[in-house]
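Consider the two complexes below, in which chain A is the common component and chain B and chain C are the respective partners.
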Partner chain A sequence: MSEQSQASQDILRLIGSIAGKDPSTLQRGQHLTVDLGLDSPKALELLMALEDDYGIEISDEEAADLKTVGDILDLMAERSSLA
Partner chain B sequence: MTDRPLRHGLEYGVFRLVHGLAGRFSLARVRRWGGRLGLLALRLAAKKRRLAMQNMALAFPDSDVAQRRRWVRRCFEHHGSHFCEVIAAAHWTPQQVPDLFTIEGLEHLQDADDAFGGYFLTTGHYGSSELALYPLALSVESLYVVARPPNNPRIEAAIRQIRGRFGVEIINKQGAAHRMLNAQRRGGHVAAIIDQHVRPSAGAAVPFFGHPAWTSVTLAMLSLRQKVPVIHFTCEPRGEDRYSLRFSPAMEPEGTGPEARIEMTRRYMAKVEEDIRRRPELWLWMHRRWRP
Partner chain C sequence: MTTSSALFDDLPETLPAALGRAAERFPERGIALFDGRGRRHDRRTFVQLAAAVQQAAGRWRAAGVGVGDVVLVALPTTWAWFEAWLGAVQIGALPVAVAPAVGFGAADAQLDKLSSLVERLDAKRVIASAPFLAAAEDAGRQGLATAGIAVDAWQKLTPVAGTQPVAKAQDIAFMQLTSGSTGHPRAVMIRHHGALHNACTIDEAVGAGQGGPAHTWADAIVGWLPLHHDMGLLGQLLLSLLTGVDLWLFPPTAFLARPRLWLQELSSHGQCLAHGPNFAYQLCVERLDAEARQGLDLSRWRAAQSGAEMIRPETVKAFIERFAPVGFRASAFQASYGLAEATLAVSVDRRGLGMRTRPVPQGSIASELSEVVCLGQTVVDTEVRIVDAAGQPLGAEQIGEVQVRGPGVFAGYYREPEATAECLVDGWLRTGDLGFQADDELYLTGRSKDLLIIRGHNVMPHEIEWLAEKVGDSGGSHRCGAFSIARGGQGEEAILVVESSDKDLEVRAGVERRIRLEVSEALALPIADLVFVRRGKIPKTTSGKVQRRQLKEQYLDGLLERL
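The block that comes next holds the complex of A and B.
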């Protein structure tokens, strides 16, 4: 497994644990609120967990653009490539 | 672009009318007129009146019907006054504000800044909470307020402009949580009101007047995460044209995890309840607070 796909798996596990879903069932196109039920407190929990686990801060603009599972994977991939 | 141009135009017309009149007359008179508007609403809004009576019966089971009727009447009167005073505040200048408000407990803000490097603020839909923004903005560096913008875009723009004159930054209630976190990180002081119903998935059932009420836990999550306290404030009308603003001692974050969030939120709501028990007529009773 490549480093990037391992990182993606870790992020999917994190999303799954907060959304209460099996990570293997998560799809890039799934909407965080509509499909995964990540309502306000859970969405906040997810963002805070991403920030804590990866040592980053997510800006208001970045957070506003996070609509789907794929958006999160893309943001984290972008952040890790910039690191 | 609005999808209700006629209604929004009419509402904005009323807003401008009250705004124009409020600038010509004393605050005491504006408050009296607002009270009369509130009493008119009491007669016309039967559903809201009944809801307020039901809520009061739930919260104050030992009160009699006559007492609750008096409270509901004064509640409508107060909120009518508050509505007009908020519009009248568009004419206030930063120089006027200190004369209008008596402030107690300001030292709690400085203490929290010194000890924790920041704090969040909270209150209820109680008293003159909307007007408290003005003395707050003059007392607190970099103030952010979480608010749901009015549906009418023209009124929203007008209110935004009024608040902006005092340097108050608005965080849209929709998707506010992470913005609140970032504002606090930037050294901002964020005020949020959490005493209204939220969907069960967006909060926790917290006792309020002895009955479980779904309440947002966001403020507690942020307080626990940032390790900064929450300071409750209370703003009430005083005399015929003055206000009192009190800050309570800081509620420090304690514990971790979901239980701690609920416990912290319970403490915030207990402060709101304490205010309401002192002057029941000042809370917004026309809201379905105890939904299943």
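The block that comes next holds the complex of A and C.
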């Protein structure tokens, strides 16, 4: 993920810290639950951290559609024009 | 139990009558609802709520719903939930609260679940979010899409005027889905009287060890339990409506993401009452470090109810150790037992002495558990008996199936007469839970339906799971699932599935060896197959209970992805 923008790197750092993973090992195709082990409390913790850090709101429907690291990066790009 | 409180003599006939009475008697009291992230709250008095429910009842009429029609309420904890659910009750329809999709990638599973429920319950309407119903349409879920009504569209309907409640005390008020630890969820029919009586027993029993019924001292119920959960519905909403004690309610998502919110709120009111399953206390222990505990004041948390799943003494001890320094009183902890088929409450520890445990009696059931938690005396007007496999009542300290009789016992499973007949025999509810009584108090040792019988020895799956969870990286709660399979004529064999986030084969081999060693030493039990799966792969209910039957099915169907 070396080509990522600073904003994406920040998001990956956040995901990594909550999933207990080295951010540099995260890949777009990784599944949040299957590959990163984010159970529902952890998933919700991540959502709220994203909302707090970027001042946005993610609806329950949007959250239920997120499956991979890439989905999160795309959603954040769309919502905050960051990446 | 025959002890009573004055509230029993004055029980409203129906839920609409209870809401009307709350508005009349406690016009200033009400419910404060936090948003999905627990940041802001919006408070409504019972007067405001009653008016909104009256409108909602008229909107259901406008949507073509009548007496006896099944309405699925698949909404998060919002005012729309209260309006839709209570409004349906008001017109004599049968609301069924369904857990909304929560968490990453939950959308597809939710479509499957609701489609199947619409079909099985022949639901007239399903109220859900507009995007969800659009997804149902796109996915070709015709039944669901046709029954579906988007919450915003429903709120814009012009109510049919003059909608008066028609129900009587013994009519079915609503249905609750079985928690689903075993099999597919069934719709449990609850009568108006059963629901209100049960809420009243909670008020009485929860307060018994604290000097009097909860409504005589409680300033606030502080909760986060989902309203589709029996403990959330009865212990929060109906208890508040019946007693007029203010309810401060978080959506479950807020609590799961930030458990501190719950404890923070409990710190900021007067005398408080709150319920949670064991895992809620465990989550607080795991997620609040010393810094996060600072600033809390749990000294006015008078009743800390734990129920709805097996209570683990280790969790309770850890919770007390961590939170006593910020005022939590060990004596506030109250263990209880209940299930959806009994509306909710069956027994509550009413002594006000905190958690009490007892050694498991020696007997036919091999048990690794050294101690089990006392779940107290049976609630008012309710009886419990313990029976053997032939249905014969057993004496004190003998382990058998727990059976319950009383006003809260359900009216049957909706349109499942066979399942109902299996479960309700001569007015006794067969719980499928195993336990014993001692000194007139109840103790649970497991569930008969999940029993493993290996080499003639009976073993409860959680015994194996707890041992395994003590080992290595499977730590935390609900990370293992055990069950038995019968292959050919060999009798049953134990299968253990362990969630693991460890990618290193050698590390996993080490963990496996230690688990096998522990189980072998403690239970003299060989594990025929130990399967590592990724974290989150063991099917669990929304409240975190391992669904062992589903797990077993996945295993037998070859659907478990081994690491």
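The definition used in the following text is that the second predicted complex is superposed on the first by the 77 of 83 C-alpha atoms of A that agree within 3 Å, B and C clash if a C-alpha of one lies under 4 Å from a C-alpha of the other, contacts with A are read in each partner's own complex, and residues count from 1 in each chain.
Here is the rule we go by: a residue touches a chain if its C-beta (ideal position, glycine included) is under 8 Å from a C-beta of that chain, and two chains touch if they have at least 3 such contacts.
All figures in this text were calculated on a predicted structure; none of them were measured in a lab.
When the two complexes are overlaid on their common chain A, residue A:L50 makes contact with neither chain B nor chain C. Judged by the touch definition given at the top, the superposed model places A:L12 against neither chain B nor chain C. When both complexes are overlaid on chain A, the residue A:L73 reaches neither chain B nor chain C. In the superposition on chain A, A:L32 makes contact with chain C only, while chain B stays out of contact range.
After overlaying the two complexes on the shared chain, residue contacts for A:A63 are found with chain B and with chain C alike. Of the two partners, chain B and chain C, it is C that touches more residues of chain A. With the contact threshold set out at the top, residues 37, 39-41, 43-45, 47-48, 57, 59-60, 63-64 of chain A are in contact with chain B in one structure and with chain C in the other. On the side of chain A, the complex with chain B involves touching residues 37, 39-45, 47-48, 57-60, 63-64.
Residues 36-37, 76, 100-107, 110, 129, 131-132, 253, 256-259, 283, 287, 501, 534-537, 542 of chain C touch chain A in their complex.
If you check the complex, the residues on chain A that touch chain C are 20, 31-35, 37-41, 43-45, 47-48, 51, 57, 59-61, 63-67. Per the touch definition, chain B reaches chain A in the complex via residues 175, 177-179, 181-182, 185, 198-199, 201-203, 216-218, 221-222, 225, 261.
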